[in-house]
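Order of writing sets the labels: A, B, C, D, E and F. Residues in every chain begin at 1.
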């Protein structure tokens, strides 16, 4: 059915109880602290290209446990300091080739695009492996159940830490105005953005579109679409691991990060989105602790607002940052 | 089967006889002449935006029979004259929002994006209707059989004329260097590009990726994929119209335009492309009358070279035009 | 789920508010008046065939704006006047070959089969083009969004006017008893029948099976099936046109025609019909202003009652008209 | 691939060796003889209806082993004797309701429609059971493997015998001109027609469209479409029964009946027919022993010529029989 | 939607009214009595094999109306008497090869595997035909509508009688302890088990997993999955037979057998089971008259608990029978 | 098409050139040597169960780089030494629960079932993680491209080493007769078996059914089925890595292991197998250097001979080992 989830009225009021472990904050504080200690100096290698008025850098920075993570950094020519948008990528994609990222930098802001470890072979190429130093568990193909039996080995522990480290790497640059840094992304990129908003102090804004990784408990019970379905597939086989998996996921749920986030937030969702059902997005939105707005695209599936939402993203940031 | 068409060796030699009517050139000369006579002044309305160093214009120009066709014109700030790339869009798409087209203009060339009449509701929005002044025929949903019973009423007569008129509109501008104009596009946009290359004198180059609208006779017999299949679907019902349809299509076949084209050509194709099978692309390539190159992407379906091909496109044009 | 819509109890009470513009009647009065003024003489060309006791005519009559529309007219040999059934065709089909229409005329009534403009390449051949004299809008493949941004350019304005003109053409014949004319059709044919029932004075009866084009607002939100989905696909891309599209559709909604119709009505629907969900049919039925009956086929999808419903259609009309 | 079978040139020459057991004729002679001996009087019960100039009878006749088989018999009013077309039905369908069969009788010929035992629950209703008096074998759902391990228990032994008995029942009627009886059908109906042509002396003609049940050995190896696939599915499980199944099928192969048939034959096939691939039809056609014609529909799948072929069927028979 | 049926809370309370005819018990008493009278001596032929410590017998016993039904009987070497598990097979499967059944006998119990008449060509091979002595009705491919117009000709009348006869055959053996016989099966095998539990006096236990053939009235309205859908397909065509079909099915509904069963029962179901929806299983469970337990597998479709449930089955029986 | 690959005659002669690097043997010798050096003592923990006459052990042994790999070891009670079959599992599966493996041990041989690292969440549960100590590359979901850019990081380097180590672990046991050890498996398990046959000295036999991981170059070009398709998907995105990927795969190609294997081999394949096309199996078979047999199942897809092949496997080994 086209509208398979709640109606808009119910969505706007939907604020479910989502499980959270007592040591949620301690877990993340320890995780980030360890990775900061393992961090080395980032490398920003300027690359040649055909585009005017901008500089592009091939970035290698220290993410989780000091492991190397790739990214692109694009910024206007000149001294700066520039405001900066950090972007996370949707499930399966990688940082792509740099010419694919000219839109935001054309407005006069800097743009940092973080590669997603292990991904980047599904629709846009990526360049960052995801080594597992300690044994996790066998997994259903994909990334959703990689190490899912333990919060310490779970894949998104590494990804969310990379995201915080990306912020810290950018914020430390002299050509960036650290008071004007925002994070964004669609789908998985939106989910990582929410985690970043919950974990980073001093972020200016989060723009999260059709975010993934929110309210897992409901998501894996109301949709058969991948990638949420990967978790259901895992539990279909590992019938005895449901509690353990749910416990792990609670440390990575966008709802729990939303409760902690304080920066201004701009959400979007789509009412026919089978991949990231609107109720899971509203669950995060309604719990979001900072100032917030949401736009619901009525006749869209997971593509959401597409170029219309991109235009909103540009307008919001340019207005906010005087570009 | 992954490789469903000929092998690469056979493709490189494949130069089939493709039917052509004796009055092919006369038909097109008359068509273009009539539309030139019906043409009014184009409108280039500059729009506001957030992007630096460039100007963007919302264009309305006179296409087939003087009918209004929309487009975007993006060019660097400054006097020019600039070289210009004219781009045609894939099947189902429209000119989209202007922020989607920043890549080429960022290199210092101008970029003209032509809306495809009637289309623009399948994946990117368009704004140009396709009125039919004289009655054509009932059609299978889509555009492939719109007016297909007669060369005079066939949909692509109007589209290809729009493309020539787009060139003439751009070439007449003072800020454009008319000796450095190229056409490009992927899929349908690649097919329109080939038609433009065959119909326009003085074009500098054509860059055509996974082109559609080539060697119809084979295409509708070896693939079940849309949009070629629309023609098969039409003939499935109108069992008595096959000769008439094939006759019409011969006036619009990329192979016949390739025989006439003289500018430098850069083709790409994909060996697993079910939508525009590689043999139909090589049929056009091997008949192409000018200097030419082709790149075959081995493990790709209709997405072809994607960002890798885009990088080639940028490199070819910037090298050629000194950008 | 097999039963995806409301249960039968709820369906029988379902009488939703459906939007209607104040000038609904004025719009249709003006539309019909203009087309009547543009009308020329119909042509009824008798054709040769192998069938006994009947005459068959290839018809060309003046539909919307005086444009030519095709049809078949079959009647018993003899003087008449005969009662007449006017039939409209399901989505994608055309008037087909005349031997496909022998059932009704075999009972002693006349049968007029109207071709549906533009259609007739999906499952049965048609012969009527749908020229668009004034520019409408780009469209999603199919007919549902052809000209949908404006009531004046919308495709069904032309089709429904053709239907009224078909009635007027038939009613003017001496061999037809104008007091005994009914309209019928399944799916789109049923939707056109309802429009005809709402627009034509003096119609004897309407027999509408699994009718399409009813309660658009709900239809495009509860089913992913085509052709309703074409509208959703259009709005998926043209995210800013929802209000405009809904306003246009209100002039063409079967519910609004049902409110105005006064002749006896015989509806059928199917409880597993994903194409024309039963709630959209009951919405029209429960608003229908004349005498009415409905039959709900429990285990059927869009094929509805099939030959069983055809038998009902024959029995109803023969009983009513003394055949 | 749209054209998945041989090209037309190869098809026209394709005359494969098809296995045949030495006692093929003896088997059929004994089978028919036994069923003739078990036959009782047929019942022709005239039914009431609304159609003019014709009479319709609900028929029960003795088929295989004297078992009751249903049919419809439609004939013009009057004395006769009339020529008669006997029609067999496609896979899954039944004799339907009688109003569905008015076309042929409207030309002045009689029309006998034989129900297919056991079938009639797939797309048109049937009324004839298929009791198995002697134990056969377990089967894959459908009819293709019912009793397939032995020629004596195979389902089509009963069906083909029913077909011969239908002919004999009709030919014995005074109102029928036994010199002018033809058989026809599409798909399975076409396959039964070929069997009838091979088994009946004195038949005037066979009109067989997209016939099924021809050249089983090839059919089950080149298509994955049902119903041929039912046999492949059976052998997929009963891996040790391939020889036995092929031996049984040889007694029922349309190629072997074609070799024996002498009446005039009119075949049609479709070049994109995945259900009854054209090579299997040409195998029967090229072996056909009588005068013969074939029409190949180029862009059609299993629907073949549809209404166009129906028009041919009417024209052939009316011309032949002076109607 | 992943969870398409009721939630667990509602399932646990779901005890619907299910229709039952007054002569339900009389019908079954007469059916079983007649088959007992027609029964001959079973044949247990010991076969050679490579497995240690066990004996395997190829069984032919008298089922419905004395017809031969096949099975495998495996038991430990030694004198016995052994407890025995009787197993019925899922839809489409047959008794398979004997080496596939070593698990239960390895625990020290005997194991009788009953072939399902007519089936055994879908996924595991079977060897028992299903002759129909008295004419039934045409059917939709499969077994669900075979003879469904009358309780006396319905397929499952024969199957359920075979099941009771299997029990009686086993219970009569000296090497079996008739006080320790249980029945089991998954899906159709689970449905047959429930029927056996309702029809057999003195059974020790029933272990029924994701049982089929329960609460037909709901099942055919909430799922589009086969094999329940076969009944919907039949009624889709035989639109006038719904009452008759529902009346027949009431004699074979697992809910009605559950009301009569007294032995201990162990059910399992799966909350995402589209084939045998959990509400239809809970309908039987909640009506079950004996002691009972149920396990609901949360993230499973029709595979249910798979090897985990098999482990439960082993543990339950070994604990119960001291193995 | 059902038969999509070569015909049987061509298959029997198909012996293609398959690329092999000069240091193939050196690479494997070094890999195995390093892992042997890292190996610790295996753990065989006897578990409780309900099965008679056998012992079952939960095994943890040192695989690649000394990493822990799980398995089940089942053997008859008694002293031994027993012959032993080592089994590898199909793609996606894990070692499952131990009661699923009773067949082979029931014949009197020991049975060692190796868990496949990382897998075991697709259809049967597994318990072995696949940690990546050194960074590899991003990957397409699944295991086929995990670390595929370098032979040293490629996933199957670890798996094949585990397989050799499994053999060495078993062969060292006193209760095993090291002269009578065979390896087996279907699909991926068959591919691992071939690698084991090529890498292990002194193996008695290999039984490989529908083996995967053979003739990659052809496989990824003739089938669209997973898991081979994972490699095509990777190259679809990483368009510049084809040479590197093909070079890596050459170290893991079953054809290259077949060239080196000397023990007796029993292959099976299926002529309709889209997952592991028969030509890729015959490529390995025809290159196999030892004594060999092959059985081709004609009407089977990837299920191959199923229980019939299992019976062959039992018969071959019991005959060979005198059981």
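In this text, a contact is a pair of C-beta atoms (placed from the backbone, for glycine too) under 8 Å apart; a residue touches a chain by one contact, two chains touch by 3 or more.
Which protein is which chain? UniProt says A, B, C, D, E, F = Cephalosporin-C deacetylase.
Not measured: the values here are computed from a predicted model.
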item	value
Path length in steps (a step moves to a chain that is touched) from chain A (Cephalosporin-C deacetylase) to chain D (Cephalosporin-C deacetylase)	2
Neighbouring chains common to chain B (Cephalosporin-C deacetylase) and chain F (Cephalosporin-C deacetylase), by label	A, D
Chain pair among B-F, D-E or B-C whose interface repeats that of A-C, sharing over half of the contact pairs by residue number	B-F
Distance between the centres, which are taken as Cα means, of chain D (Cephalosporin-C deacetylase) and chain B (Cephalosporin-C deacetylase), whole angstrom	50
Gap in Å, rounded to a whole number, between the CA centres of chain B (Cephalosporin-C deacetylase) and chain A (Cephalosporin-C deacetylase)	38
Junction residues of chain D (Cephalosporin-C deacetylase), two or more chains touched	124-125, 308
Chain pairs in mutual contact under the definition given at the outset	A-B, A-C, A-E, A-F, B-C, B-D, B-F, C-D, C-E, D-E, D-F, E-F
Chain A (Cephalosporin-C deacetylase) - residues contacting chain F (Cephalosporin-C deacetylase), complex	67-68, 92, 94, 117-143, 145, 233-234, 237-238
Chain F (Cephalosporin-C deacetylase) to chain B (Cephalosporin-C deacetylase) touching residues, read off their complex	4, 220-224, 229, 232, 235-236, 239-240, 242
Interfacial residue positions of chain F (Cephalosporin-C deacetylase) with respect to chain D (Cephalosporin-C deacetylase) in the complex	1-3, 272, 297-301, 303, 305-306, 308
Contact set on chain F (Cephalosporin-C deacetylase) toward chain E (Cephalosporin-C deacetylase) in their complex	50-54, 76, 96-97, 99-100, 102-103, 106-108, 124-125, 307-308, 310-311, 314-315, 318, 323
